[in-house]
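Pasting the structures here.
Shared between the two complexes below is chain A, which pairs with chain B and chain C, respectively.
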Partner chain A sequence: MSEVAKLPKPQLRGLLTSQIKRNLVFGAVFAFVVTAAYKMNINDKRKIKYAEFYKNYDPQREYEQMKKAGIFQSARPE
Partner chain B sequence: MTGHQIARVLSRQAKAITVQSASAGTVAHHGHHEIRDHVKDKIGKREVVGYGYNGQPTYVDRLDFPFPAIRYKEPNAEIQLLREKEKGDWKKLTTEEKKALYRASFRQTLAEVQAPTGEWKSILGVTLFGMSVAVWFYILMKKYVYPPLPPTMAPEWQEAQLKRMIEQRQNRIEGLASQYDYETQKWKE
Partner chain C sequence: FLHRYLLDGQAIETVWTVIPAIILVAIALPSIRLLYLIDEIHNPALTIKVTGHQWYWSYEYSDFDDIQFDSYMIPSNELSTGMYRLLDVDNRMPVPYNQAIRLMITSDDVLHSWAVPSLGIKMDAVPGRLNQSSLLVNMPGVFYGQCSEICGSGHSFMPIVIEAVGESDFLKWLEL
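Take a look at the complex of A and B:
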């Protein structure tokens, strides 16, 4: 039998505990990263979009345009 | 368990590793009606050699349990001779004899069991054929069964509907109307 490189000895005791600890860390990090990414790319982006929209928003002008298009039942165009 | 039943189970286990008698199927009893063993009826003269994967004397080639309960072939004169020889030194058996002994006890080698069968081709073919039949069914349904589409599906109606949605400024920040430029009366992006 030819010699091949020896593997490192695997952990034989307390495997479940150490696995749980490792998985807790991974899970916490993953959850944090995903939450942060979601907040930045979706929540904050949406807030920016709304802020941009309402910065120069003129509701009166909008109302006149919509009235002219004829979509209101109680505010007909002239 | 009554004494009767215990005795029956023990005598059954003692019979488990013996050659089956020619009167296939019936189990010896203590004066009750005859009960047929429907599995044992089918194996003919085949020798039971172990418990098998579930206790029944069946032959199955299984990778996860490669020890069938019965031999594959029924015994004949040549195999009986080889069995006697098998009781001695195996180095004295020729390769042909070893193969004959193997094939008497097993249907396929494990390599043969694992070998690709090409079954996936027929599975794929039949599946695609079935899908095409379904498409034919849809064509026939559309032609002969379904009532006509409602007027709201006509393109002119849909365009008028879209125009109304834009005029109402539906979803004007993130959705439909946000893609429309009201200054130039044209779609953005």
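Take a look at the complex of A and C:
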């Protein structure tokens, strides 16, 4: 026989198990990354928006404006 | 035939039972904590009784001189400009904003459900049962909701309208 480079022996058994193990790792990493990205870009941004809205929110001022506009049935404008 | 003699797989079945169980427990613990926090005592300033009927709501403010009134939907052919179809009512339910309120919800006939999504509140109105819910409106305004339990032909036509007004105006309204 001539000098032929031998291929490494392929995995012959347990293919499904090894595929599942690899997929579990990828799945876990992917889920973690997507969750982290969602939390940072959507949840935290939303919290900041709410905090900004309520920072200088004056319910009494808003109420007087709404009352003057006549939207309330039980609190008619003077 | 593929896997004709594949009868069991103890390892994989254990894994795909245990991992979801752990995930569910991790979801359940904070969820149950929140569920109990919802029922905390909060010393309400006011109690309002809400009764579902076919097909309208009635409200009682029995803390003060037994105020009671019905709240019917305004029919579409009687709407004025600017009113919302299937949402506006003849008598709205006024509440003071920034005050803790206790709601006792029941029904006179069949199952209804008192829901106002923008205030995050929904509670079934069950005949023969008083369901308690708490309400704290932190901003003034008008909030709309609709009956959320099928109750007959008028189920879609019994909306809820809450007016969150200032305390002084609320007290003035009570005296009427």
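Simple rule for what comes next: the second predicted complex is superposed on the first by the 68 of 78 C-alpha atoms of A that agree within 3 Å, B and C clash if a C-alpha of one lies under 4 Å from a C-alpha of the other, contacts with A are read in each partner's own complex, and residues count from 1 in each chain.
We adopt the following convention: a residue touches a chain if its C-beta (ideal position, glycine included) is under 8 Å from a C-beta of that chain, and two chains touch if they have at least 3 such contacts.
Since the structure is predicted, the reported quantities are computational estimates derived from the model, not experimental observations.
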Taking the superposition as given, does A:Y50 touch the first partner, chain B, the second, chain C, both, or neither?
first
Give one of first, second, both or neither to describe whether A:A69 is in contact with chain B, with chain C, with both, or with none.
first
Can A:L12 be said to touch chain B (first), chain C (second), both, or neither?
neither
For A:V4 in the superposed arrangement: first (chain B), second (chain C), both or neither?
neither
Chain A residues contacting chain B in one complex and chain C in the other 62, 66, 71
What residues on chain C touch chain A, complex-wise?
12, 91-92, 94, 97-98, 138-142, 163, 165-166, 169-170, 172-173
Which of the residues in chain A end up touching chain C in this complex?
20, 57, 59-60, 62-63, 66-67, 71-75
Residues of chain A touching chain B in the complex
46, 49-50, 53, 62, 65-66, 69-71
What residues on chain B touch chain A, complex-wise?
164, 167-169, 172-174, 182
